[in-house]
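Alright, structures below, take your time with them.
Presented sequentially are two complexes of chain A, the first with chain B as partner and the second with chain C.
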Partner chain A sequence: MVTYIVRRLVTAVLILLAASFLVYLLTAASGDPLQQYRQSSLPNKEQLIQQRIQLLNLNTPAPLRYFDWLGGAAGCLIPFAAECDLGKSIQGIEVTTLLARAMGQTIQLVTAATILAIIIGIALGIITALRQYSGLDYGVTFMAFLFFSLPIFWVAVLLKEYGAIGFNNFLNQPNIGLSAMGIIGLVAGFICYLVPKSGVKRKLIAAAIGFVAAVALCWYLDISGWFLTPGFGAIGVALMGVAAAYLVTVLTAGLRNRKALYSALITVGLGMIAYFAIQPLLDLATILMIIILGVGAVLVGVAVGYLMGGFDRRQSMNAAGLTAFLMGFVILLDRYMQEWPEYFNNSRIGGRPIATIGSSTPNLEGNFWIAGLDIFTHLLLPTIALMLISLASYSRYSRASMLEIMNQDYIRTARAKGLTERTVVMRHAFRNALIPLATLVAFDIGALIGGAIITEAVFAFSGMGQLFVDALNAVDPNPVMGVFLITGILAMTFNLVADLIYSVLDPRVRVKA
Partner chain B sequence: MSTSAENENPDTATPEARGLSQGQLVRKRFFGHTAAVISMFVFAGIVILAFTSVGYAGIPGWYQWNYIETPPIQGRGEPTWELPFDFGQHPFGQDSVGRDMFAMTMRGAQLSLIVMFIIGALGGILGVIIGGVSGYFRGWVEAVLMRLTDTVIIIPLIILAAVLGTISQTMTGRGTIANAIFGGSDGVVLLGLFVGVIIWTGLARLVRGEFLSLREREFVDAARIAGASDRRIIFKHILPNAVGVIIVNTTLVMASAILLETALSFLGMGVQAPDVSLGSLISDNQQAFTTRPWLFWWPGLFIIAICLSINFIGDGLRDAFDPRQKKFRAKKAKDTRASSSAEAKA
Partner chain C sequence: MRFGRTSKAVGTAAIAALALSACASTEGGGGGDSTEGGSQASGGNTSVTVAEVNQFTSFNSNSATGNVDINGTIEYLTQWDFNYLTNDLELKRREEFGTYKKLSEDPLKIKYTINEGVVWSDGTPIDAGDLMLAWAVQSGHFDDAKTNDAGDVVSGTNYFSYAGSTSGLGLTDVPEIGDDGRSITMTYSKPYADWEIAFGVGLPAHVVAKGAGLKNEQALTDLLLSAPEGDPENPKKRPKLKKVANFWNTGFDTTTFPSNKGLTLSSGPYMVESMVPDRSMTLVRNPEYDWGPEPKIDEIVIRYIPESPSQVQALQNGEVDIIAPQASGDIKASLEQLSGFKMLTGQMLSFDHIDLKYGGVFKDVDVRKAFMNTIPRNQIVQSTIAQVIPDAKPRDSHVFDMGTPGYKASVKVNGSENWQEVDIQKAKELLNGRTPKVKIMYNADNPNRVDAYTLIAESAEKAGFNVVDGGLPGNKWGAALTAGGWDATIFGWISDGVGVTGVPQLYGCGSASNFTGFCDEKAQQAMDELIVTTDPQKQQELKITVDKRLFETGYGLPLFQSPGIIAYNDKLKGIEFMGNQTGVWWNFWEWEVAK
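Showing the complex of A and B:
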């Protein structure tokens, strides 16, 4: 195993060297870095050209300049030496500084989108696999193909128009019209129509319930002025907690396991006590405090499950722990919503909260919650755009993987033993269906940092993509190399991780030493 | 059971039992895939519309404007198309200087399609050659070619494509022969060639895997013992068996190629003004969304239509070549379940 990893690492370094050489030469050949000055009519034109030649060392041919760059970059390999020198950009700023800033932005942008895409995509894939060739399956398949085929820049511009400008206009006059309510109701009804497995009557009943529920919800949101003063309130939090408890129990233990259900419900009760108890504490919230509270909540949940004891303790612990996490999330969300009016009426926001460009409102003052809401309003649209597109591939892959597993002999054996469908799906099929996805996720994370280039360009996010595009337009190899180095190293690392994960998860796969 | 008796009846036998050739089976399965067949017609329609309407390479089309002319703006330049068949002067509207949007969209679609075909063809050929050679000959050839593949694959596609797209822009206008052949769009051809040179990596890996497993099969051993040359084994025995993987993945490469090209043109690193691509049309008109939304909708819809139809064709081809997740199996399972439950009731 160790030999294998060492060998892979050595090849990786060599490949990285070759690829970086290639990128450097191509970038240097992509244009004329002096273009900007050649056509200018400034009196000190000659001097400026000389300055730039000096700065970028243009009198040396590109292949030699690469080794110059490589010498500086090699300093990055020595840990803690702070000798990392990736050269300077065309404006004379250190590339390492630029990269550090851009990477923070990009990671902020892609994290939420990736996590959401993975969770929703896999859930959709599993559900459609279990309902193969149903209306739901065809619907989701069509949507997945559509999302595959969407040009992200087009979606992004649409989102800016309707998601930001349109929604902001709506917020200034938050009345859902009757016709809009009807349309939302019909869409909800149609989705509910697809959910039941069979039987036109059951499908129609589901559709009717969906329609009524959606219209009632819209009507309530409308008359209570929810959009201006959002929040769940204590009752909402409690209802969502109970719903989460049931859902988690169904998925992890099955409703027949009463101990698991009760421990989840007890956790919700404790969560409600905490909801009232910690509100004053949350006024002083910091990110660290939220993390500690979250971990504490999960520990309490696990403890409740442990104390419930019983025949299969772990199931109760899982159910209660997961419920506690969801409960904490709902409380957090509720708290953010309570702060919404203050954010909304802030003079820097001026009643138009959903932003179309940038990653934060400049000069916005406020506490932890206001800052969080600001990040949320800026990330919302790019996250949706990025998510839609990767969601499609996750749902397709997990569907295919699940279908293959469900046709295996051991699934039939599990059913023949008399296990419930839930146990068969969640314990036998789902876990094994995730194995090929682990590789896919690893690959994707490696490719993500470079993949947000277009989204960043549309939403004017000053991340890695923007850095790359600007540098390429200015024929400035150093930042391009910086971006490539980060993405390349990430891609290599995650390829290796993917292979190792695969051999750990699936013992049939052995790595060759 | 009644189902096994039915299977021996030639009318209801599975297609495999009817003595059809492999090609016939594939064709039959493909034409049984409704979405793929519809997509094929949509795609053919778009290709015909794009190339006949505004003409190509000096051959005039049937449409009255071209993408450069600036006829006087009518009204605010709104689309004059009234459903269903009253097209008017400018069915897709006009932009701020009066250029006809339909002509521009068609020209953009032409260029995007050309780039897509070049990328698909070049990427496919390179992928098959590199993957096939390394899978069949193994040894140091495989080591070198696969390390080359690794080198190209770790550079994010969009980064490499953007750099090459910029290079293709600086080289445009020099290739006069290409200019003559491709109707003044040699920059586009260069872009296609450059992206095709880097997009083969995924296909090469797949083809290599396919060749690696096929070369160990008995029929290849048999051919070798019978004295067949490497060339004969590759072209007559292995390649026909790998053709499914190749066709399906080339199709999918083409679908991603059109998104890549439009994205590059959107960023200003692909097709250059005065020529138009579907991507650059969107890029030029995104600011005008509130005042002239029609400039923005049509190119986007064409990209989606082209890409979606190719994806569905690819899906149909995959089902046709690789029928492991067959449709009729699910239906048969349902039938058997239904009949057995009926028997149980009886």
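Showing the complex of A and C:
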């Protein structure tokens, strides 16, 4: 195993060296670094050209300049040497500074989208696999491919037009018209129609329920002025908590495991007490406090499950712990919503909260919650855009993988020995279906830092992609090489990690040195 | 697992400490990542947000690395100067800040004086020391470097990497400092046409002195006064001056709000208050400022938005108040649909033109003129910039920018009226049956140039020219300008809108930007006289002579000045179009938020 890893690392270094040489030459040959001065009519044009030539050392041939760069970059590989010199950009800024900043922006931009795409994509894939060739399956497949094939710049512009500008206009006069309510109801009805497994009658009933519920919800939101003063209220939190308790129990233990259900419900009760007790404390919130509270909540949930005891303690602990986490999340959301009016009416926001550009409102002052809402309103649209497009691959992969697993002999065996369908799906099929996805996820995380060039440009995020494009346009090799180095190293590392994870997850695969 | 009593106590204490530190103090905090605590825009303060394409990188926009438009914009807001350019391209003096006076014509002697009570935003007076430093930088007086043919320095040093031209102040000797300590007097060794824009105040000398490890501003002034002029034949090492120059060259480069507040010092109406790298920059009123018009806006925020369509949507969504997107028909159409916003269009100071090589197939002036007769200028304007400016006209002068007083005067006499319309018949007569092969070089990645080429080629072939497409990709055509291999080329010049030294740079015999080989005795004489003429009226006459000769010898034809768009929220007043690089900012002190 160790020999294998070492061998892989050595090859990785060699590949990086060769590739970086190539990228350097390509960048140097990609354009004319003096372009901006060519059509200049300034009296000191020649002097400016000389300055630029000296700055970029253009009189030295590109292959030799590469070794100059390599000499500095080699310092980065020696840990703690503190002599990492990736050079400077044309504007005289250290590339290491540029990279650190760009990476921060990119991670901020793509993290939420990637996590959501993974969770939702896998869920959709599993569900559609269980309902193969149903209306739901076709519907989801159709939508996934539709989004997958949309150009992201177009999606982004549309999202800005309707999701930001249109929605902000709506917020100034938040009244849902009757026709809008009808359309929302019909869409909800249609989605619910697809959900039941079979039987036209059941499907129609589901559609009717969906329609009525959606219209009622819209009506309530409209009447109560919810868009301007949103919030769940204690009742809403309790209802959502109970729903979460049931859902989690169904997935982890099954409703027949009463102890698990009761521990989850007890956790919801404790959560409701905490909901009231904790509000004054939340006024002083910091990110650290939220993390501590989150961990505390999960621990309490697990403790409840443990104390309930019973035949399979683990199941109760899982159910209660997960429920506690979700409950905490709902309370957190509720708290953010409580701050919404203040954020909305802040003079810097001016009643137009959903943003089309950047990652924060300049000079916005406010507490933890206001800052959080600001990030939310800025990240909402790019996250949706990125997520819609990457949903497809995850849902397709997980569907295929799940279908394959469900046809395996051991699934038939599991059914034959009388296990419930829930146990078969959740314990035997689902986990194994995730194994091939591990590779995909590892790759995606590696690619994530590389930046989303188009999305960054449209939403004015100055992340890795933007850094790369700008530097390439200016024929400025140092930042290009910096971006390449980071993305290259990450791609190689995660490639290796993916292989190793695979062998850990699947005992049939062995790493051979 | 068992824990000892001590470790339990330590553990509890650690957890308690962690829990306590997790609480924010009641005075907000936590949020906001501006480097400096900002003042709130609430409470009647007016704030304007402007979109800019590039990110700010340096407080010194005159250094080799800091020479970017956005840095120049911040300098325009924070560094007052002796004069500024209006959108009528007229030079206006800032008499409340400082004055300058021509003491004598020959030798040309100029006295610059900063008014009493004018200070940097830290309270330090702006005085002769600051002017001395600016002179040292802008004159290149101390440089003693020798360069080889490849441009590498072989001996000596270039001290300040000044991005502007040293050709003006390079003619002056060390200035004399006035008795009041606020003025300096420069003497030119020969008259210099652009003396009025040759000198600017620049950066605070006391900050540069400190940054270079000198005791104070006086020490810097003494250093500059005592150092001998640089002599490339006999270079000397001057470590102290080198240190000063190094700090000036790179010390002001920063993308975060600097810990050294000296870098941000302002002598203008606004000062930089906070910077968030890659995102935004905030300027507030300079409390010391009272020498000039008082701005009506309390706070200016600059946000960086590279893409033009994103700028339009950000404007529509109220995230920015002023945008200057790349002008195109699409952008204009999308702006026209909005309500609650205003749009200004106008012509920028860059212009496209077609130049013919003096030599090769175009050696015969008849062939040149025949070709010029086939250039469909109106049609080119219609298919390119008319989408933005419907009533746009072709530019009729090589030398003068449209809208300037000289332009009107020149157009009357420069002979441009001969080329208003395409005249295939006349071209055929001039060609007299010849079918010359003409290779036209242009940037094939620029749609306007491709359009112009297509129209010209089509029209020229009607007259019997055999046109060869010499279009090159965006990264190649610039080098081909100097390298040659073409008979005609379509490209653009960018003009500053002020000054005359750019004229010989483009049309002088053998000068660096003269790609066509144009060399005309009369024109050259006029230009030689032009650069030593300080009288504006005389300057204009000489420029007209050059313009006329360009048309007479068949230099080629100017096509059009590029269009520009500015759009803003209609709660703002006082925004006016400006065609040069200062753009919309040129009159920022007149901006106002309507009540």
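Some observations on this one:
Throughout what follows, the second predicted complex is superposed on the first by the 512 of 513 C-alpha atoms of A that agree within 3 Å, B and C clash if a C-alpha of one lies under 4 Å from a C-alpha of the other, contacts with A are read in each partner's own complex, and residues count from 1 in each chain.
Heads up, the rule we're going with is that a contact is a pair of C-beta atoms (placed from the backbone, for glycine too) under 8 Å apart; a residue touches a chain by one contact, two chains touch by 3 or more.
Here the structure is a predicted model, which means the values were calculated and not measured.
Of the two partner chains placed around the shared chain by superposition, chain B is the only one that A:L26 touches, whereas chain C remains out of contact.
In the superposition on chain A, A:V157 makes contact with both chain B and chain C. Of the two partner chains, chain B and chain C are each touched by A:A457. Residue contacts after overlaying the shared chain place A:L437 against neither chain B nor chain C. By the touch criterion defined above, A:A274 lies against neither chain B nor chain C after alignment on the C-alpha atoms of chain A. Legend: residue contacts after superposition of the two complexes on their common chain; A:A244 is shown touching neither chain B nor chain C.
Considering which of chain B and chain C touches more of chain A, the answer is C. Once the two complexes are laid over each other on the shared chain, residue contacts for A:M327 go to neither chain B nor chain C.
In the superposed pair of complexes, A:L496 makes contact with neither chain B nor chain C. Comparing the two interfaces of chain A, the one with chain B and the one with chain C have residues 30-32, 157, 161, 165, 457 in common. On the chain A side of its complex with chain C, the touching residues are 30-32, 34-35, 38-55, 59, 90-93, 97, 101-102, 105, 157, 160-161, 164-165, 168, 281, 283-289, 292, 346-348, 350, 352, 354-360, 362-368, 370-372, 374, 457-460, 462, 466, 470, 475.
Here chain C touches chain A in the complex through residues 18-19, 21-26, 28-34, 38, 40-42, 49, 55, 57-58, 64-68, 147, 150-153, 161, 163-167, 250, 253, 255, 274, 276-280, 282, 299, 301, 303-307, 309-310, 313-314, 316-319, 474-476, 478-479, 481-482, 491-496, 501-502, 505-506, 512-513, going by the rule given at the top. Chain contact summary for the complex, chain A toward chain B: residues 11, 14-16, 18-19, 22-23, 26-27, 29-32, 132-133, 145-146, 148-154, 157-158, 161, 165, 400, 403-404, 447, 450-451, 453-454, 457, 468-469, 472-473, 480, 483-484, 487-488, 491-492, 495. Against chain A, the residues of chain B that register as touching in their complex are 147, 150-156, 158-160, 162-164, 166-167, 170, 255, 259, 262-263, 266-269, 279, 282-283, 286, 289-290, 296, 300, 303-304, 307-308, 311-312, 315, 325, 327, 330-331.
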